[in-house]
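Labels run A, B, C, D and E following the written order; every chain starts at residue 1.
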Amino acid sequence: MLFVEHLSAGYEGTPILYDLSFHVEKGKIMALLGSNGAGKTTALRSVVGKIKPTSGAILYEGKSILNIPTYKMVELGISMIPEGRLLFGKMTVADNLCMGSYRIKNKRLIQKELEEIYNIFPKIKERENQLAETLSGGEQQMVAIARGLMSRPKLLILDEPSLGLAPNIVKEMFEFIKKINHMGLTIIIVEQNAIDTLQFADYAYLINSGKNVLEGTGEELLQNKKVKEIYLGI
Amino acid sequence: TKYNEKQIEHNDYSQDESPISIKESKEETVKIGVLLPMSGAQSKAGQEVKAAMNMFVDIINESTDDIDIPLAQSQGLPNLGGRKIELVYGDLKSADTALSEAERLITSEGAVGICGLFSSANTKTAAVSTEKYGVPLISEGTSPTLTQKGYEYFFRVFPDDTMYVEDSFLYLVELNETKQADIKTVALVSEDTEFGKNIANVEKECAEKYGFSIVENITYSSNATNLISESLKLKKADPDVVMMSSYISDVILYIKTFKQLNYSPKMIMGQRGGFMTSELFTALGSDAEGLCSTSAWSLDLQIPLVAKLGNLYKENYSDGVDMIADVLKCSTDLYVLCLAINQAGSTDADAIKEAMLNLIYPEDKLFIAGTGFNFNEVGQNVGTSALICQIKDGKYQTVYPDSIKAYDGLFPLPSWEEK
Amino acid sequence: MKVILEMKHATKKFGGLIANEDITFSIIEGEIIGMVGPNGAGKTTLFNSISGTHSLTSGHVIFDGTDITKKKPYEICKLGIGRTFQIPQALNEMSVFENVLVASLNRHQSISAAKEHTKKVIAMCGLASFIFMNAGDLNVMQKKRLEIARALATEPKLLLLDETMAGLSGVERKEAINLIQRIRISGITILMIEHVMEVVMSVSDRVVVLSSGKLLAEGTPEEVTQNQQVIQAYLGGSVH
Amino acid sequence: MVIQCIFEGIVIGSILALIAMGIALIWGVMNVLSFSQGEFLMIGMYITFFLNKKWGIDPILSIPFTAILMFLIGLLIYKTLIRKALKGPILSQRLITFALSMVLVNGMLMLVTSEFRTIQKITFSGIIDFGFLVISKEKLVPLTVSILVTTVLFFFMNKTNTGKAIRATSLDKDAAELVGINTEFSYALAFGIASAIAGIAGCVLAYYYYITPTVGTSFLLFGLIAVALGGFGSIFGAYIGGILMGLVDVFAGVYFNTAFKYVAVCVLFMLVVSLRPKGLFGK
Amino acid sequence: MRKFININKYFIVKFLAGLLAAIVLPLFIKTPFPLHVMILICIWAIMGMGWNFIGGYAGQVSNGHALFYGIGAYTCGIGVKNFGASPWVTMWIGVMISMGIAFVLGAPLLRLKGHYFALATMAMAECGRIIFLNWSYVGGATGIDFFDRSKPSWYTMQFTSKYPYYYIFLFFVALILLLTKGLDKSKFGYYLRAIKANENSAQSVGIHTAKYKLLAFMLSAGIVSLAGSLYANYLQYIDPTVVMPLNISMMICLVAVMGGIGTVIGPLVGAIVLTIISEYTRATFSYINGFDLFVYGVLVIIIVLYMPNGLISLFNKKQKNKILTPLEMERK
């Protein structure tokens, strides 16, 4: 579904990624692992067009999406839940979710999606009319995920979704990710919660300093000595 | 006397003059600095003055036989070997640019005299430069303080505020006497810069002197976005005469506001400024009818030269806009300066000043009201006199003094409904 | 055993919402206290009350013998409480070095002394390679590290850490735990909010659990993680 | 007298509110304090004037045309200037709009001179005199138009998806892009709408005011203050801010001192913001 | 430690070279107009540098400094006119008054953020202007001209030649430049920058933000007031429309922004460029109505648009955002 080949990218002359490649198949969960500052977020941002790669190719459903502006990604079915949430602070939670479905014109679909989401995160429903900026950190994270789902994406990109969530919520969220994956959603996930992630990921890549280091199925990586030692710290 | 002391001070002031000497210009032309508002709300008036000045420059530089005034028949200034006049322009944005622009015109452009469209405030700062470099400054800044400061090179060809205001009250007295107008109360309305404030002061004195009582004295902000409260106050006070000193924007706004509030003053006596502009007619149309303003010149003066100049201006210089008194005043300043230069036969400042003080002008060739160009020692022309115009049929028409009036003034003004 | 911080019946309301309700507990000098609780339980709110970002609706905060309930953030910092923000608040237009330098000036009058101190703190927090970087361009984790560095540079007696370990990988967590222990050794008391139980368990002497604004439990990490209520409200099933 | 004052205050306030509305929009969405808004008003007035002079179109009827034309002019200015300026620091954005206002005023001065003009042919004029209250019909125009514009804008921003998208853009540009909002479009739209509102304000002001290139400048300061007084980000606040200033203006002039009426307005503003640093309705 | 002295030495060399150039430059000028422009540059430079403390370093963008400029000008004017006091003394009184007013008004106004602060200061200056316009003791709209020849020029600071003005003003420029340099890398400077970057987090590291903002406001008010005093002596005539219009408040920002806010020499650079543009566009283009300001506005837009961080960014391209390699770290 998504092929990233030989990607190089960076910020204003500071190169971060060097020749990074990964791909994800339709309906699968793909995990990107790597230590802090490895360039995971940078890679994801390149995918959604937030930064212009200096070289390399990004193919989505067979077509290059290199020069497509970010706001069109949602139309293509790619939705990203960014690191650090980026909610619309001065809008209510409900409006935030509503903005998530900005590109969907069908009111009924939106309503259905909303109900589903409220089911998963009942907490959000309680806070429906509160301004997003006054939510607790974890609540904000939930809203961010919920908002990402509201656009009914085909490919969901999650950048450290468990960040700042209470353990029970994290568990629920992972369950939920599995569930939506079963429903046919393709998922790319960046997580530090590596053990859990690798358990349900179909395929995973380990990157370091902007380069591929290792790749394999979740299980393979989970067993890999190197991963255990260097990354999981076990 | 006080004045003499001041003059002495000034004499030694000019002796320890700046190290920068001004080169006697050897070029063909005689350069005269003209300061005009080139931007902002007054720049339209500036343009008109510029056009009128160009007319006088053409009259002087070319031989213009049908206008029978000195310097018209010859080309250039005869006493300077036919050297022609050239205007160099400076922009008047505010009082401090008046200073630096005057300085620039004198020192960089070689202007031998400065004139233009000045407010009193701008005149004051420009005078700092002209006095310093010893260059004649002719301005129609009407604040009487200008001639009380002991400026050595300052001249005013037309009346100052005292004369104008005095005239306005004399007119009221006349109306009371001849028409039983029964004017007792006046209200003063003045904008809050130098121009308005000064006039308000003089008006206060005069009102007392001639026995009118002031029922309202309004100072308002000259960049006001609305003049509602001012107009409401006037309406409430309901004076017999509203005396106003305002710039054009405020005049328009006042008249419109009066109309919208259904307030019809019996008489509005303006003190030039906004009341003496051609824009008044285009902006207010028939609503301008009946407004009075003091003035020093009018197209209806019974002097053949006036009509001739007026026509020449209207046809060749202004795209069909009539000559307005204030425009003529400023351009006459230029003409008078040229006369003095010619009479002096040199561009030396002191020679020009001398010539100015002893200006010889044939009385039969006058094109202004009054007796001529006779400057007293403080630089004020004592041969000038003020008059009062009222707007009738889209024109300024002289209503006072009696000797030159074109028609009988209308008093009181009809209400808005009747108009 | 000296009590360094004491919360007395702390209550904080936002309009109708009670974010903290009648919270009482104390911290002893030299301790590391972990604070956990579900999202929205009121942990950050409590931090804000302690550090003076907002003041309590009722109740008191006593620090080192002084009542700091109504004090301003800078006064509280001067008294010796350093804090980090859950959502990092770096001085974005300034470099990492300057960020820490500004904080160092809290206790150092001269610039050169402050610079020396800054270097030490930066090295300790592992930010040395970023010193010329514009703080706004750091990624989230790096910003969190900068938060710690800035709080440390003010040379506090009590350090409040709000989820500074979130998003660290295993090795990095070890390093961070290491850092915390080093901080403790230097004599600083630590109160840390953390959702990563692994960290909480391994470093804290005691754990405070908040839930729905109230103090739910308090005790050693073991005690707390066995607590049925805590498991239900926060941990969800088994602990790992 | 009091009733007359209230009426006049509200009329003046309505004009200020219209100017404030555009400023509030640009402020809210782009976080730019637009000093050129007064000049958009002025251009709107000239468009109205020339339409009236050429074809005798009444200013009210020219509202749609002026609004659309101003919208396009706004877009053009956005595309050529503001878009690039937005990449710079906030202060330089403000100064660019300040310089822009200088360019517009003086460009206009070169085009049409500073001559003061007024609209001659208007259908809706005359007065109704109740004795205690004189209503001039021209003034009913700003009154109604400003209420209409405020309501429409309020609903547009809060109830329509496009409006919400503009708001979302203003809150977080990055996040807005991620949910599929074309932020460039949002900005351009917001700037265009703000210009169009200034154009509308121009139409109704032209109804009873003089027209000259510098006319916008004097309204600007009070438009800006009205926004801040009401509380930025709040369209309703901008409206109330405008009305309040109009009332203070008239009452201070009549019952206090005409020379100091703007001091009263400014002092009121400073008092309000010292007590409520985000304005009356600011959050 | 030595390192910093080195930097200072480098600065002092540059500073002295610049000063020397500024001192000898007028000797090559034959007409007064360029000298007049240079005098204006000095005035604007002082104003820009003064504003820079509150607007540039502390990031509290005031759009009302014309008030302090006016107060400075008026104190000198009234001092000479009504009391025969020497401007050398009265300008310091003006500084005190300005600082006092900044203190009183700063306390409530500095609580405002961003555009609110800008607008509130703007309103403040407007009030000041209107009050002075209607206050007869200070001459009201008529203003005061305090040209006075009865006392020696050095006493009244009124000279017939422009040179003394230029050198006096230059002295103050140099003085304030040194002051800025001294504060730039001081605790005060860092604190102001921290406040600009994020007040919240500045507070949390122990900065009494309100106090430092107020100090910066007062300092900048004092310096701008000084500029007003100097200018008044140069002009010898002042009225509220000359020394207190809104435009001046905006121009002060413009000077600093054009040069580069929050930098030591930015305002100076801005003053040089802006004054030259302003004076020479007027001298060159004013023959068509509005043309000069049109050109001026276009130039300002171009410069600010393409150099949003000021002209100064042309000179020092900072090696920003650099992640150091271990090797570089060792060298450091």
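Here is the rule we go by: a contact is a pair of C-beta atoms (placed from the backbone, for glycine too) under 8 Å apart; a residue touches a chain by one contact, two chains touch by 3 or more.
Going by UniProt, the chains are A, C = ABC transporter ATP-binding protein; D = Branched-chain amino acid ABC transporter permease; E = Amino acid/amide ABC transporter membrane protein 2 (HAAT family).
Nothing here was measured: the structure is a model prediction, and the numbers come from that model.
Asker: Please report the minimal path length, in steps, between subunit B and subunit D on the chain touch graph.
Answerer: 1
Asker: Compared with subunit C, which chain's mean CA position is the farthest off?
Answerer: Farthest from subunit C by mean C-alpha position: B.
Asker: If you tally C-beta pairs in contact for every chain pair, which pair wins? Let me know.
Answerer: Ranked by contacting C-beta pairs, first place goes to D-E.
Asker: So, comparing C-alpha centroids, which chain is the farthest one from subunit A?
Answerer: Checked the centroid distances; the maximum from subunit A is B.
Asker: Please compute the C-alpha centroid of subunit B, do the same for subunit E, then give the distance between them in whole Å.
Answerer: Taking the average C-alpha coordinate of subunit B and of subunit E, the gap between them is 38 Å.
Asker: Report the inter-chain centroid distance for subunit C and subunit D in whole angstrom, where each centroid is the mean of the CA atoms.
Answerer: 47
Asker: How big is the gap, in whole Å, between where the Cα atoms of subunit A centre and where those of subunit C centre?
Answerer: 28
Asker: Take the average of all CA coordinates in subunit C, do the same for subunit E, and state the distance between these two points in whole angstrom.
Answerer: 42
Asker: What residues in subunit D touch two or more of the other chains?
Answerer: 105-106, 109, 113-114, 259, 262
Asker: Which residue numbers or ranges of subunit E touch two or more of the other chains?
Answerer: 130, 133-134, 288-293, 321-323
Asker: Which residues of subunit C are in contact with two or more other chains?
Answerer: Counting only residues that touch two or more other chains, subunit C contributes 137.
Asker: Across the complex, what residues on subunit E touch subunit D?
Answerer: Going by the criterion above, the answer is residues 55, 61, 108-109, 111-116, 118-120, 122-124, 126-127, 130-131, 133-134, 246, 250, 253-254, 257, 261, 288-294, 296-298, 300-301, 304-305, 308-309.
Asker: Inside the complex, what are the residues of subunit C that reach subunit A?
Answerer: It is residues 14, 36-44, 86-87, 137, 139-142, 163, 166-174, 195, 197, 233-237 of subunit C that touch subunit A.
Asker: Can you name the residues of subunit E that touch subunit B in the complex?
Answerer: 30-33, 36, 40, 130, 133-134, 140-143, 145, 147, 149-150, 160-163, 235-237, 239, 241-242, 245, 279, 282-283, 286-293
Asker: Tell me, which parts of subunit C touch subunit E in their complex?
Answerer: 51-53, 72-75, 77-78, 82-83, 85, 89-95, 98, 101-103, 105-106, 109, 111-112, 114, 128-134, 137, 150-151, 153-154
Asker: Can you list the subunit D residues touching subunit A in their complex?
Answerer: Where subunit D meets subunit A, its residues are 161, 164-165, 167-168, 171-172, 174-183, 233, 283.
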